[in-house]
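The same chain A turns up in both complexes below, where it pairs with chain B and then with chain C.
Take a look at the complex of A and B:
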């Protein structure tokens, strides 16, 4: 593509903004079209944004954009009947000594193993299609890099990499609050329970950057969104909100632009979409431009969201039974044990509400807002989401919060609820999935979002994916946006 | 081993069926046309997709099958033999072509439920096929990795047909008998009632064994068909073993999940859902509506209970092989998934065993009104009983779980997946080695090849088969 040429980016989530920012830096003229009235996508919703506690954005990505954001590490708090267990980068407090030591030993081992895998993420996945036999050996070569781990840890990695977090917990630390936190990290956003094989890999991929710790941009999440937005505009890019793309236009086998919901046509030779893969390919582009097998695979992609968001406006700070209140730098995990995480998942598998949802919460002391991500709340509830079931869910969440914060009932002034089904509609993501599609072994790397669509460039020339549905998946990381933009810049075809 | 010559007759598998709670059924036939008619009766779409499904499973079987009869490479040590074996696997894998490579990866990692959802729309068809993905494992049909377990069950080969099952005339025991006769005919000797107490080891080398009755045998090569835990934790002096090996062996997972009922019957029971004289009654029968029912059965097991509505694999072999019972009488073998080795509440005592049996029998009786009154006698086996009776630890029928962390170069433990142990001359050949359990003989044959190589012999599996 030539300098100054227009590129359309669909969606102003963090990945769309990052992709646009990188293209602008390289002299192209990105136009970001966002359906909703705000930028930031899933992390930037004005009503719900505070519940997002980013896993760190890759520093390489921020550097490439020339952005400087100070991230502060968060402390994970796991309230138990005996008191609050705290997990930070430096230490584990409040847990039983033996367990804390076992947990730390396990975490440092996993950190080493995760960082050996980190080389797979900030670049396109290995390619099965174009590769010769040599490529496969090259992939084996990536394996050789793993040898830096040393024999013992490499053997261990090869053993656990496809197994489940439950077994690892059972072998290494035993169940309890630390296990609960680990089980939540391994399953958060997924339709998998701790016993589901593959949950160790999802954990390792999360830990591959910044050891899997949550961080908060100094000054709040808006600072990050604002800087990403500026990076686009500073280099001549443009962002339009309330501009839903209705169709991706194609002539021959080439993209020619997009049509907005109002009928307006915006011509462009390249379109990067951070909207979910199924939305991009089936709704916006249309199956008629794709071969039947490709469409079948796209349709069969697993994408069942199981996270609901509830935000509470509070009259006063919530307090744990010990009397302390969480700060803005704390991430609160509400789950008694890994077994409780599995139990919550059991119900969700059948489209039912769990008796005890697993929750992740953040209290913003400035705005007195408690934001909750409630896990294992199925997108399609048996019998459908109705006013009554929404109220039932809210009561469930309030009851659990009252267990952790005595007297919570009298603190809450107002609440807003968004189920995965609401998110599916709001962000146009199938199943309202956190990762725009299940992050599971059979949908990872060269199989993400599905086989034949893994290298950002789609079968229609000029169309690229750059959102969480593409490799390496969701969370606030910026990697798919970065990789998608690189693919376009490289002009790479599959 | 020329087993037919030594008395083994395999009766090929012909049919089976699943009954749902509304007395509907789906029958499975090994005969292609019969199966197609039956699929059509439920859904023409499923009938068409079945062809694709069968091809896909067949391709996976063909890919994996040769790997079962080979020693898994060690991807960490990477000696020349490991490198060439890895290259062999990669080459075969690459030979599949990009589409099939992706399919293969997905197949190995998917849940059986999702795999079947790709092809079929009819619940009872999926429920029927899903059983093979979970039998004997501590996984549910929604667990990733269960599509592979399906293969493990389909790998059987009767007279060269991939995916074919067979019944041994006279029962499973006749397989062991034929094997024993063949072995003895080649000059081998077998002593029963000769429990091994311990392996005699000196200076890191095995010297022989000591029996429970005190008898000692000297040998420079000893091969253990016991599982890895029994071999090394129960019958080896742990001071002879490296600590990381011991730790790995202790971690090896059995997790029994199956129970068994053997029921003597006064006559042939009838099934309310089956047409008169349905020939599929001779096969394996199941009673369930959908895959969710199996998953819920699994949830019970996770919580330390036997399934409230278990997955049942019911067979009356006396229909096929009347020699197994007096004339007019029958017996049923009922394989039950799931039952835990340890109950969360209480013990496997007579009362619980009876309650477990009652759960199973009442499930069957819901589909067979005269079943209960035909029962003359029954034996009930919890996983604990299976362990006590057969020596299968924790009652796991595969000598250990078939999950990724215990397959291929990880089976039984990483670094010792080539049938050798840390003790020189002491080998493993049971199903806790690659490629795992089931009556297929691959671990034993692979171990024999490695042992013969160490002893300086060449061994051609083809010639021995």
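Take a look at the complex of A and C:
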């Protein structure tokens, strides 16, 4: 594309902003069209953030955009009847000595293995059908890094990579609060339980960057969003909120622009979409431009969200039974054991509310707001989501929170709830899935979002994917946005 | 009419096969007890003598039960868009009352199957083909306002083929037949039953196909057979049809090419370019399945090509390998026949590129002959033919001739 040419980016989530920022830096004129009234996507709504604790954006991505965000690592707190177990980058406190040592040993091994795999993530997935020299070189680099693990660890990686996290935990550390934290990290946002195959790989991919630790941008989440937004604007990009794209326009098998919900037509020779792949391809583009097999694979992509978000405005800081209160730098994981995580998944698998949902919570001390992500709350609940079932879910979450924070019931002032079904409607994500599609072995690398659609460039010329549905997938990493923009800049075609 | 007064043979039940709508009538005539499996139905392979049956196609008229064909109704506001998305031809040009021969491809540009599309109305189509396609059609129609229905069992069908077929219909006072051009169809009355009459067929000769409700099948059969004596109407089996279709240049799935949906080996499916059907691709219409792959393929040399060949002498080159300069193996024969009408030894063969494209001379087939238990090998010269072997103006003359 020529300098100064307009490129439309659909969605102002972090991936959309990163893609637009990169294009703007390279002299193109990105126009970001956001359906909602705010930028930042799932982490951008200040009244009700879906994502409250981001993972670290790849430093290479921030460098490419020329922005500087300081991330502070968070401490994971796992409350137990015996006290709170704390996991930070430096230490594990409050856990049984033997388990803590085993946990640290396992984590450092997984970190090495994850870092050997990390080379696969910040570039397009390998193309097995027609590999160019560059592809092969990149693969060879990852191969060398894997060899660098040494015989024992490489063999160990190959042994565990397709297996489930529950078996690994059982073998290496035994069940307990540390195991629960690991099981949550391996299944977060997924419709997979710790015993589901491939959950080790999900964990490894998450750990490939910053050891899988959650971070908080210094100064709050809006700092990150603001800087990404500025990166777009500073180089001549434009962002329009409340501008939902209704249709991607095509002529002669080429993208010619988009049509907004109001009927306005915005011409452009290229469209990058950070919306979910199914939304982009089936709703905005339309199956009439695609082959039947491609459409089938797209609509059969597994994308079942199992996270419900609840915010509580509190009168005062919640306190653990020991009397301490969590700070804004803490991430609270509420799950007794890996077995309990599996039990919660079992119920959700059959469309039921779990007896004990697994929860991840963050307390914002400035706004006195407790944000809870309740995991394994099915998107399509048996009998459907009604006012009654929403109340039942809220009561369930409050009951569990009261177990961890005694007296929680009297603290809670107001609550807002969003089920996966609500997220599906609000963010146009099939199944309300955080990652725009399950992060599992058959939907990763060259199979993400699905076979035949893995290299960002879509069959209709000028259309690219750059959202969480594309390789390497969800969480706040910025890699899909970065890779998608690179694919467009390199003029990649399908 | 064959063996009218012959003693009826024992009732036949073909093991594992289903009786079709005409089974009772066909079984009564099947003195060879020759049955084959066609989509699970008992279909006659030969009733008494394949030569008689073949010559009836070319000189009289013949009845062949084609009910086992797969038939799908595609209906709804988007039916035209769905059919156009399915097939490579531009179906927008097909008017109601017309039939089109079509092929359809997968996303890699490999042929899935061929068949005929009947346009019943602006928003109603019927697809007839050899292989079951319901799942595929549902995939193609996903997201469109159209319904796909398998109507295979809601219709019985007969092929009435041969030079005297028009005269036979005339004898039954089917007036609409006079105006029917090839690939036209119309609703007509045979006796008291309404049937759909299309001027289509698999023999390359003057002929019709009749589509009716299964419950009307026997009555229509009896009317045709009752009126057909003067025209030498003969009920035939598939072997005779197979001879006629090779002469007429029609391809047979599973013999001449393999559907990409059933092929396991990646090099087994065929593209329209390889099958010599590139004229059937309308690149200038909206997107259809496999379009992008076909565009890429259009710019490259096909891996191989299906060609029609004239072979020397009279022994059919069935299953033969094709050689260049009698030495280098360059292809294989899929269908072969001594054509009694053309008096030619003919065959279809796959030739690997560049043979059949830039290299077409000095080709030989290796024919194995058994003479009194002893096998002989014969290298016979062959030559690529450009046109179908059997072409007759009576096939398309309108109004049809009164033979």
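Quick note on the criterion: the second predicted complex is superposed on the first by the 478 of 494 C-alpha atoms of A that agree within 3 Å, B and C clash if a C-alpha of one lies under 4 Å from a C-alpha of the other, contacts with A are read in each partner's own complex, and residues count from 1 in each chain.
The rule we apply is simple: a residue touches a chain if its C-beta (ideal position, glycine included) is under 8 Å from a C-beta of that chain, and two chains touch if they have at least 3 such contacts.
The structure displayed is predicted, hence computed values, not measured ones.
Q: Since both structures carry chain A, what do chain B and chain C do when superposed there: clash or fit?
A: fit
Q: Of the partners chain B and chain C, which touch A:342 in the superposed model: first, second, both, neither?
A: first
Q: Would you check which partner chain A:230 touches, where first means chain B only, second means chain C only, and both and neither mean what they say?
A: After superposition on chain A, A:230 lies in contact with neither partner.
Q: Quick one: angle from chain B through chain A to chain C, Cα centres, nearest 10°?
A: 60
Q: Looking at A:299 after the superposition, I want to know if it touches chain B, chain C, both of them or none. Which is it: first, second, both, neither?
A: In the superposition, A:299 contacts chain C only.
Q: Mind telling me which of the two, chain B or chain C, contacts the most residues of chain A?
A: B
Q: In the overlaid three-chain picture, which partner chain does A:259 touch, first (chain B) or second (chain C), both, or neither?
A: It touches nothing on chain B or chain C.
Q: Using the superposition on chain A described above, determine whether A:88 touches chain B (first), chain C (second), both, or neither.
A: After superposing on A, A:88 lies clear of both chain B and chain C.
Q: Tell me which partner A:291 touches in the superposition: chain B (first), chain C (second), both or neither.
A: second
Q: Report for A:442: first if it touches chain B alone, second if chain C alone, otherwise both or neither.
A: A:442: touches chain B, not chain C.
Q: With the two structures laid over each other on chain A, which partner does A:80 touch: chain B (first), chain C (second), both, or neither?
A: Neither partner.
Q: State the minimum pairwise Cα distance, in Å, between chain B and chain C in the overlaid complexes.
A: When the complexes share the chain A frame, the smallest chain B-chain C C-alpha distance is 6 Å.
Q: Counting contacts the way the document defines them, which residues of chain A are shared by the two interfaces, the one with chain B and the one with chain C?
A: 452
Q: Could you please specify the touching residues of chain A with respect to chain C in the complex?
A: Going by the criterion above, the answer is residues 253, 282, 286-296, 299, 452, 459.
Q: Would you pull the chain A residues touching chain B in the complex into a rising list?
A: It comes out as residues 128-129, 131, 133, 136-137, 140, 143, 147, 151-152, 154-156, 158-164, 167, 171, 192, 195-198, 300, 302, 342, 346, 349-350, 440-442, 446-447, 451-452.
Q: Show me the residue ranges of chain B that touch chain A in the complex, using the header's touch definition.
A: It comes out as residues 75-77, 86, 90-91, 93-94, 98-99, 101-103, 105-106, 109-110, 114, 117-118, 139, 142-145, 244, 251, 253, 292, 295-296, 299, 302, 403-405, 409-410, 414-415.
Q: Which chain C residues qualify as touching chain A in the complex?
A: Residues 81, 85, 106-107, 136, 139-140, 142-144, 286-287, 289-292.
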